[in-house]
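Each chain carries a letter (A, B, C and D) given by its place in the written order, and its residues are counted from 1.
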Amino acid sequence: MSTHPVVEFTSPSSWAMVEDKFSPFGKETLAKLVNFMKEDVLPAVRVAHAQLPDDPVLRWKTVIPVVGELKAKAKSLGLWNLFLSKAHYPNHGVPLTNLEYAVMAEVLGRGGQMASESVLARYGSPEQQEKWLLPLLNGQTRSAFAMTERFVSSSDATNIRTSIRQEGDEIVINGHKWWISGAGDPRCALHLVLGKSDPNNSDRYRQQSIVIVPANTPGVTVVRPMKVFGYDDAPEGHNEIIYDNVRVPLSNLVLGWGKGFEIIQGRLGPGRIHHCMRSIGAAQMALDLMIQRVTDPSRKTFGKYLYQHGTVVADIAKSRAEIESARLLVLSAALQIDKARAKGAMKEIGIAKFVVPSMALQVVDRAMQAFGAEGLSQDQVLASTYAQLRTLRFADGPDAVHIQQIGQRELKRAPALVKQTADIKKKEKILFEKYGLKQHL
Amino acid sequence: MSTHPVVEFTSPSSWAMVEDKFSPFGKETLAKLVNFMKEDVLPAVRVAHAQLPDDPVLRWKTVIPVVGELKAKAKSLGLWNLFLSKAHYPNHGVPLTNLEYAVMAEVLGRGGQMASESVLARYGSPEQQEKWLLPLLNGQTRSAFAMTERFVSSSDATNIRTSIRQEGDEIVINGHKWWISGAGDPRCALHLVLGKSDPNNSDRYRQQSIVIVPANTPGVTVVRPMKVFGYDDAPEGHNEIIYDNVRVPLSNLVLGWGKGFEIIQGRLGPGRIHHCMRSIGAAQMALDLMIQRVTDPSRKTFGKYLYQHGTVVADIAKSRAEIESARLLVLSAALQIDKARAKGAMKEIGIAKFVVPSMALQVVDRAMQAFGAEGLSQDQVLASTYAQLRTLRFADGPDAVHIQQIGQRELKRAPALVKQTADIKKKEKILFEKYGLKQHL
Amino acid sequence: MSTHPVVEFTSPSSWAMVEDKFSPFGKETLAKLVNFMKEDVLPAVRVAHAQLPDDPVLRWKTVIPVVGELKAKAKSLGLWNLFLSKAHYPNHGVPLTNLEYAVMAEVLGRGGQMASESVLARYGSPEQQEKWLLPLLNGQTRSAFAMTERFVSSSDATNIRTSIRQEGDEIVINGHKWWISGAGDPRCALHLVLGKSDPNNSDRYRQQSIVIVPANTPGVTVVRPMKVFGYDDAPEGHNEIIYDNVRVPLSNLVLGWGKGFEIIQGRLGPGRIHHCMRSIGAAQMALDLMIQRVTDPSRKTFGKYLYQHGTVVADIAKSRAEIESARLLVLSAALQIDKARAKGAMKEIGIAKFVVPSMALQVVDRAMQAFGAEGLSQDQVLASTYAQLRTLRFADGPDAVHIQQIGQRELKRAPALVKQTADIKKKEKILFEKYGLKQHL
Amino acid sequence: MSTHPVVEFTSPSSWAMVEDKFSPFGKETLAKLVNFMKEDVLPAVRVAHAQLPDDPVLRWKTVIPVVGELKAKAKSLGLWNLFLSKAHYPNHGVPLTNLEYAVMAEVLGRGGQMASESVLARYGSPEQQEKWLLPLLNGQTRSAFAMTERFVSSSDATNIRTSIRQEGDEIVINGHKWWISGAGDPRCALHLVLGKSDPNNSDRYRQQSIVIVPANTPGVTVVRPMKVFGYDDAPEGHNEIIYDNVRVPLSNLVLGWGKGFEIIQGRLGPGRIHHCMRSIGAAQMALDLMIQRVTDPSRKTFGKYLYQHGTVVADIAKSRAEIESARLLVLSAALQIDKARAKGAMKEIGIAKFVVPSMALQVVDRAMQAFGAEGLSQDQVLASTYAQLRTLRFADGPDAVHIQQIGQRELKRAPALVKQTADIKKKEKILFEKYGLKQHL
């Protein structure tokens, strides 16, 4: 059995399924990452929390010191920007496959979405990369990807109302966005804004464009932070933003007019898998906390350990089983992306997308129940983890959309199945005749 | 079919099951309550929220103006302290049955627990009632019931560590509590503190006593507000409190030494039912919001209403069915309390206690999903409702405890069932013989 | 608390909800019925089974002796044809409300559908009633209601293909039916056949008619018994039948040409409720068996009773809760039928229809699991009960149809809810202005 | 993407996870097996059914002709006894890993358990193998493994009551077994009987022995076939058997006195995995049937395809997701057996054992619902498949046992987790001090 350090964080049998698909570089990076998490990241979580002020204004102006330290160490260890796979981003990437990064994403447990970095690395012009991407990759600046709009169901991207139009050598932007993650951070330097540049184009997927808007451009107003349950997720936040006659130079257009939909599609597949693996890491962490709680001798009630009551052991067994099978689903999807790109892995990605967040929510919920009120409080990470996971049931498309797509894919198998059945029936008929049997139709 | 106004808030068929069990006073009060909710309370919800400052200190020093207004109007309409049933509280109560109040509790949808009022009204001495209860019932002061302790599983009351001991004509209290609701309110005048006065008593249910502690007594420190999914629920809050050599006069002992367990048992039955009916009101409200959202023409995606996608209609149907059956369960438990007191209704109360909160959480979760990110935010009441409901899966005993108790009750039916089976087998044997049939054992 | 005998078979709290709605006759009949079940019916179940031959031909020619005896006793006790409510069937009925009969149906636990009797009693001409109904009600003959067709989805009645046409003073019937319950019984005297008499009528619900076909009419062929999970349910069975140029006199038309759809609609509401209450009786019986099994000292494993393992106690508690709430749902639907006829109780009937069979299947499945392999075998009634209950998830319309109808009914509440919300918003706006607060839209 | 024929029967992404772990022989055998299933086995299923007489006596004396033909062809193709892995059975085995055979077991979809063959091949003496095993492996004879006993919970093997004792140079067996699969077959030549040879041994796992009993030994009575739901599974059946002073020579003892428990443990791991993969094959088949039904234009209701109603598409998507994740779980368990033998794969085997049968039952149940009554009948394989799958929730140990074992395994991780947490807390404390922050304990 493998003694690779990943086994501490995941399961030996999952590792056995993929170990021979890892490069030496992948294995070495993974080992370094596991060590970094244990030695540096996990001890810093509560510290970071304590370094964020309660004051409703100050908390949005703070750069958390311990996070800066971690960032520096991660860079020095070669654990920075691991999400940029060389296969997709030859200039900026790290030589990891999607499968390799998927395992690392579970170890990371959670982390930012890095949407803008992905877009700029893939679709930015050399000048745009030079000016905006490099400081982002160095961690000097932050960015926000402004897609979701208030008052419309923007899970259907054709509903977007923000207007992007050319006036001379400028682009003028007007729109009302919300849930724009990262826009509250004092270091946020740019917004990538999606809007309609050609609303009457008969091809509904050519109506949208994406524009780089410096965060301090006149007309950009960050209205308020949106909360998830009671969390404001300062200092990054998820913000409501109004763009009122915002003007930027033509060179800030990304990829070209009408390319907005193509850009957002391109980044979705691998990103969804990363979300999924981080969710699995979160579920694993919740189960680990639950196991410690229910075996804690100081928590006995009515003379018994908590695990000796009710259905606790069964709940733990189910959580274990659900985590194992979800992890295999996601690893298999990551491998499929490596073999057939995101387009050839739509089925696997879609299944993972609607299965994993619900699974993780359920595991975290069981852990919260074992902790009682403390499980919902600021003294444990469970409730805030639940809140974050809950957003994943509609971020990048609600469960229902993915469920429908997977179901419709299955229905397309019908003609082949009907033919196969007809072939079998033909042979069956011959056999019935051969044996002189009456066939009840 | 009834045209009673309650039908607007609940279902005609549930009303038909209980209408003939309502007194004229009960019907009239219910009608007034429905009207008050629609005309006064619901329009004030967001106003109250807006009147609470964001500042982390000021929000705990605020008495919300619009709430004061509602209180005055409720009193003038005779809709104040409805929870004190005359049957249980002859001196202070309102002539409503538990069944009648249960229906009203659904209309109320949510509200405080009123634990201290119940205790003082039932067990307080005339002097205690005069001094502490009357200002509470008038709404001039607030109180906190201090039971849950930090670092121990206090769902088993025998685990309580707070010490209560007599010194001369004083009582000295030392302990560390948390999740003490209401202790953050600037008007909070007293704590009812549960502790161990006789920890070596061989009867584990005679070890506890309850003492009235004025909130401003030296040695009482409100450490911090505990949060539920990020919400601090200011200004009432759920607070961590340290009692450090707190001294009060002997006359502050409630009911007598060693009566603590008896007191907390006495208040649980009806209180649990009220929680349940408020949960049903919350679920009904969530379903109503969901219906409005999925039929909103401005929320169409891919050319269809939201309700035309996926499993939305089925989710709504299931929510409707779950609310209906949960409501009937709770009404039936309330009726049982009226017929056989809480002791004779343990089965019905226990079932409602573990069924209803999970049901309501599920209905609210479906509604949140229909609203997307907005459903988790401060712009809708769904997420904060979810957070409150989530606490009910362990408040007054975790689900697991109630499930075990109901299961154990069922097992006690075994001897009677075995006897019934033996009787049937005896008659069966006679029949087999009569017909000359061989009986396969 | 009531000491009425029904309490032995059901729960005191459900009985408390409806006791005051029972007439003295209803109470007396119920008490007699409970006694008859315990003294006579339950001891005869295995006897009846033993009196049915294994031989694949003989089992369809057998009238089971012990059943005849039970029938005679039931008649003598006034417990015969209880399902015919006098309110709906003034000439033949028993003075019981739907609510009263619903409670009795649970006691009965299971039984035939009596579809033809209901139809003839309600819609038959005096001559038809004289000739066909009276021998049925006396138990001398049996009947079959021939609606479902092979090769089409006949849950949509407009898909029916059987042709019914007039030729001179005769009616000619051609069609291919299956799942015709009771047609295998040697005493089956008549089929009520649904077919299309006017397939081009623009009103799709006027295309169907129903005709009485004597079972021995030339052209009627009972092809084979259909099995349910391997059970043939002899001697009644569920049969495939071909009607090949079957001719009957014009006087055999029921109610009139084009009245077929109206007839089948009329009988569905109360019948569905009866199915539901029998399902609840079956679930209750399964739970009682499970309790006896898991407390059986001879069934210990690894030194413990079965109930001390895993989640058995929790499973029992959940089963108890599910039975209680399902029973209240059905009783409430029955009361609604009494108050507002089937048409006014569509919501309550629909909810019960999709909730109850799934609930009962789950309870029986848990009991089967407690019994292990024996629970699936002919030595316990659980597996055959499961098979019967499983058909109820599509008999009289599949779950999906009822779920959709309930969901759509809820959506119709949208305009009223939108108006209510607008009213509240208007008052809210006034309050915001009154207090000089800025309202975030 | 792979174009290997297995992809027709399973999913490309699962295949991608394991393809590089297959030997050329494994791939070639798998391809032959897929072809054999399509060309020969599937067309013969209904034929075999039609060749079994209805007569309750004759059906137990029949050797089904088409099955003999298939057997011969399978042998000629090298597809016979694939379940005997060479790694475990060097003398008789086929050079396939557990992983390779697991994929084939899904293709097979279902099949016998082969318990006796496994036992004799592993533990039989050369003489026993010569006399009993070779004719079994050639398909000339059949066998039965007699373990389960009537009237006791034999899932705990120490409850076994059958007595096995030595008298001179003979062994005398007395016992009452049931659910002995295969004992009804006219070709059944031997029973392997488990009983207690040393009931007072202080080591409870040394009390049992296993003895070969020729089927025609005096004192062996096959009492009756047990049914599963209504199925008798003739001609093999699952039979009740009484052993009344049955005498066999001493040489019929397998492996040695007191080795019974060791023998049954040895065969369980891989066997459980094979059951699981066949269950997945059954679930896949059910989904394929469902897809064909809901897209069948002749099955439209209310003007729509069945898949356009209610939650059908979502049900299909969920079934697809559940099959995919269950398959990966089982493949991962099979690989783990290859790497660490059954003992080192207990966790993976246990998870698969309780997850897969419930999953498959759910998928089959959804398919049955899509077919309506036909889905429960003898015209589709769904109901009989459901019945077979239902037994797997307790065969080789009920779900509850496996759930408990997995849960208890997880609890054993507690000490390591507690230590890891302590290490993190120590580092956390240093960080808090370094930054001069007050740490709330």
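By our rule, a residue touches a chain if its C-beta (ideal position, glycine included) is under 8 Å from a C-beta of that chain, and two chains touch if they have at least 3 such contacts.
All values derive from a computational prediction rather than experimental measurement.
Graph distance from chain A to chain C, where chains that touch are one step apart, equals 1. In this structure, the chain pairs B-D and A-D differ in their number of contacting C-beta pairs, and the larger number is found at A-D. Relative to chain D, the most remote chain by averaged C-alpha coordinates is B.
Distance between chain centres (mean CA atoms), chain A to chain D: 38 Å. Each chain gets a centre from the mean of its Cα atoms; for chain C and chain D, those two points are 38 Å apart. Remark: chain B and chain D have CA centroids separated by 49 Å (rounded to whole angstrom).
Residue positions of chain B touching 2 or more other chains: 310-314, 400, 403-404, 440.
Touching chain C in their complex are the following residues of chain A: 224, 310-311, 313-314, 440. Those residues of chain A whose C-beta lies close enough to touch chain B in the complex are 54-56, 148, 151-153, 155-156, 159, 178-179, 226-232, 238, 298-302, 306, 309-312, 368-369, 372-373, 376-379, 383-384, 386-387, 390-391, 393-395, 398-401, 403-404.
Listed in rising order, the residues of chain B touching chain C in the complex are 1, 11-14, 16-18, 20-21, 38-39, 42-47, 50-51, 65-66, 287-288, 291-292, 294-295, 307, 312-318, 320-321, 324-326, 328-329, 331-333, 335-336, 339-340, 344-345, 347-348, 351, 354-355, 400, 403-408, 410-411, 413-414, 417-418, 420-421, 423-425, 427-428, 430-432, 435, 437-440.
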